[in-house]
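I'd like to ask some things about the structure below.
We call the chains A, B, C and D, going by the order they appear; numbering starts again at 1 in every chain.
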Amino acid sequence: MNTERMKVPDKSSGDVILLLSCRDRPGLVSRISHFIYERGGNILDLDEHVDPVEKIFFIRVTWSTEMFTIPLSELESAFAPLAKEFGACWKIRISGLKTRVAIFVSRYEHCLQEILWRHSIGEFAIDIALIIANHPDLGLLAAHHGIPFHVVSVSRDTKEEAEGQELLLLEQHAIDTIVLARYMQVLSPHFVHCYPGRIINIHHSFLPAFVGSSPYRQAYERGVKIIGATSHYVTEELDQGPIIEQDIVRVSHKDTLEDLVRKGRDLERLVLAHALRLHTEHRVLVNGKKTVVFD
Amino acid sequence: MNTERMKVPDKSSGDVILLLSCRDRPGLVSRISHFIYERGGNILDLDEHVDPVEKIFFIRVTWSTEMFTIPLSELESAFAPLAKEFGACWKIRISGLKTRVAIFVSRYEHCLQEILWRHSIGEFAIDIALIIANHPDLGLLAAHHGIPFHVVSVSRDTKEEAEGQELLLLEQHAIDTIVLARYMQVLSPHFVHCYPGRIINIHHSFLPAFVGSSPYRQAYERGVKIIGATSHYVTEELDQGPIIEQDIVRVSHKDTLEDLVRKGRDLERLVLAHALRLHTEHRVLVNGKKTVVFD
Amino acid sequence: MNTERMKVPDKSSGDVILLLSCRDRPGLVSRISHFIYERGGNILDLDEHVDPVEKIFFIRVTWSTEMFTIPLSELESAFAPLAKEFGACWKIRISGLKTRVAIFVSRYEHCLQEILWRHSIGEFAIDIALIIANHPDLGLLAAHHGIPFHVVSVSRDTKEEAEGQELLLLEQHAIDTIVLARYMQVLSPHFVHCYPGRIINIHHSFLPAFVGSSPYRQAYERGVKIIGATSHYVTEELDQGPIIEQDIVRVSHKDTLEDLVRKGRDLERLVLAHALRLHTEHRVLVNGKKTVVFD
Amino acid sequence: MNTERMKVPDKSSGDVILLLSCRDRPGLVSRISHFIYERGGNILDLDEHVDPVEKIFFIRVTWSTEMFTIPLSELESAFAPLAKEFGACWKIRISGLKTRVAIFVSRYEHCLQEILWRHSIGEFAIDIALIIANHPDLGLLAAHHGIPFHVVSVSRDTKEEAEGQELLLLEQHAIDTIVLARYMQVLSPHFVHCYPGRIINIHHSFLPAFVGSSPYRQAYERGVKIIGATSHYVTEELDQGPIIEQDIVRVSHKDTLEDLVRKGRDLERLVLAHALRLHTEHRVLVNGKKTVVFD
């Protein structure tokens, strides 16, 4: 998990976040908190969870480093032996350090608009390095926010080539996290494999109800009294990735299909924004097909 | 639809409810409201809906009959010609007149307990004429509330015979509506056919997610962040009947399967009680695979 | 109530909405629906409510006028005698005809941003004729959407003069409805009196909890587990006007005051947008200190 | 805080819960988790919070004691020096050990009924030692569940004497926690003082809206679109104690005052039951006028 290296900011101190998971055993909290304490850190926030079935330990710790006795640049190497002993997946992040994000879109603007607006008022600790679109429609919106906008057309025949082009762009811009803001293309297993647990999708239904296409039409025809939206990490299996966040809204027989689409729009943008916030605050750990969300 | 005859109560006046659906055309509200007005009725509540796709008209009207110029006993025959002209499905009910209900249960007590308690404080306009169970476990609870309790065991081989026994009991008790309060048996198409739109089930998931058995286990394994419960009319196809009411509750990674069951229990009993109330207040009309709920 | 004259659109037919309230009496629905029927109208939607305490009748009827036998321009005068007989407050509106709206703002952008964005994708049947601000901060946002932006500074000494200036602008632009999108000034009774039931405010609390200033601080200090937002019509008494819509979001001990402000921002913009939609679809009738909302 | 002594169960091992709060300082988590680790405990669950304004540290830790090297009976005295050094308020509880509860009621049965039913299916780790009522009405319900029922009438003149009688009963039954299940009497400061943070009330409004009497009538007259219920610890000031849990339900112009009471009944019993569960699972810490709830 720790292949993504921590980027050290200019400031020499700040709050630090550790996300870690490993097989459960006695002493984990004690060892980790002692590691922090003996280096002068003060724990600000600690969340811990043990999966009672799988016996896996998950922890998120935030500590201040004002009195820290080692430089942040040495923190990872100092912690590595402990993590190795635990056989842990882990990462250490500087709180507030911006995650580099790429947004993928097609023609629907509401999710992109929501993220860009929240970004503009400082709600996310992210840099939106670029927007990739398979249609040119949202170029003006991107331009208004001063974000580079790349159109990469995708057809059945050109998909592999298009994804190659996208992966190159992502690498060139050192992208950490990809947001699919109603991007109407299915990514290949190879693409997904390159960004494990780092591609966030919004699906416009209350998963696992109404997988696949036209969920609002499906919901309308089924006559449900509540519709939902689901944000999840993308995995190779369509709409089956670990769920980060879901929310719902009531509908009634008075609501037409268009009403469902309109009400759903509000859900989609709020749920996706919430999931992105959780992800970029390093509050989400993947647990097999599920997530642990320390909110 | 009007095969179930209205039962006229002792009191000679009261509020009357008309539920009607037919192909839409101009003048329906005018004709119906005029019918009421010219007989001295005063409309207290009127809800109307036109399915914009199917062009079907639905209406629920309540009126007071204090100044009514015809006896209630003649109301149905007076209205019949109009309904015939419209080609309508319809029924007329006396507000507050109790619906005769049978409750089917297995071993789970929470839904039965909830309905019996609400019944005891007068929340429903129902007579609970009998409880039918395929296990004897809830007999004491029934006895405490003074409701006749019949155990009809069901196995694969005896199902047809058991249903025959049940149908006989229902007929003997002049049952109008059947509530499946976590009854763990699938009813045969023949049985369902005898009570169209009059068998109310509670399914312990947010349908159409997690149809069939063990929905909480399915939800736990999928890692959803919200669980639900769904009350619907029973049709021949399992868990596919028109939905009356749904509700949800948030869950998290901290919730074990047992927590889901516990949280779901509260949902199930509230959703089922709500659906039963809507049904017995004559607020639900079936529209193909969907419902119109005038709440 | 009918001092605001209906504006007839170019198209000679369309759907028409009647909003009416009067003292309850028998025959109202019949008389109104007959009026529509005998002129060839087909009722598409009808909602009716009788206040059981005050005995006041409220109705909202929508009908199509494709086969209407009188011109829309004569509809009001044709209906007036009936309304006069009922002693009714009423208005007739062409469905989809745009309401002329002015938005008042101070420095917070989120509510304005939300309304402008929804407006840009056609969610509201409104013309935003102008934005009035007591600070220049949001001028760029207004310019981006091409809406005239007027800065009218307000201080204790200049308030009367400022309001005079605002009222003039509103009259010049033939404004029907005013939206206070986090406008941080209290309007004078005289101003409010000029637009009765036509000034919509958003208050950042679950009224009547936390009236007045700093509701988020009050909520934080009280330790509530849920915060809310309330959209209401402005009356002379601060935060006491008829409530159109409210919504809530959960908070916890982990939420700082800043978190409450952030979470509340989402509530405020959704609740205000919802209320504006209800108002401009002519779904809200005032009932003394309360509203009847036919949604 | 630790005046209430831990009761050691027969079993020699089990899970243990520590609740602790003190002024924040570095090393607290490390010291506490080390204390557990060096005695062979395995942390199962840990929640921690630092009030960022008041700089107070709150923690709840659960650990298993299968391999614990000291007897549970010595745990408190072993931990006391650490707690003293921190200047902490703290308590240690055996998980699942039943809290001794008294329920106070008047005439409304729904909250009592809900708690007794949940208790009967094992949802709470409580012993309901007695029910105290100022009216005899609910005696039959208590008898059905086999709980001792004491009628202590209260009038203005006899209040002091009545409370004396109640306090005696509470002491005789070694009561830890008191639940006011719609008990329609205000407790004296002296009484409250005897059970600090251990008297749980349910108020039938969304506090701080509608304090005092008749909140449903107040809500009906104000025309709110949402009503709520609030469970809180009782303090000397009426309806001002630290809030444990709140929930809400939507209402509309169609709802009469009776509908509000009916809908509110469901809220009240669920919110009170939830709060009682949180309290008896030792998930609530008081933070001045607020609570920290580790759910």
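In the analysis below, a contact is a pair of C-beta atoms (placed from the backbone, for glycine too) under 8 Å apart; a residue touches a chain by one contact, two chains touch by 3 or more.
Here the structure is a predicted model, which means the values were calculated and not measured.
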| item | value |
| --- | --- |
| Classification of the chain A:chain B interface as same or different, half of numbers criterion | same |
| Far-end chain from chain A, centres as C-alpha averages | B |
| Chain A-chain D separation of Cα centroids, rounded to whole Å | 37 |
| Where chain A and chain B are represented by their mean Cα positions, the distance between them in whole Å | 43 |
| Overlap residues in chain C, where contacts from two or more other chains coincide | 49 |
| Chain C - residues contacting chain A, complex | 109-110, 113, 117, 121, 123, 144, 262, 266, 270 |
| Residue ranges of chain B in contact with chain C within the complex | 24-31, 33-34, 36-38, 40-50, 67 |
| Contact footprint of chain D on chain C as seen in their complex | 49, 51-52, 206-210, 221-226, 228, 242-248, 252-254, 256, 287, 289-293 |
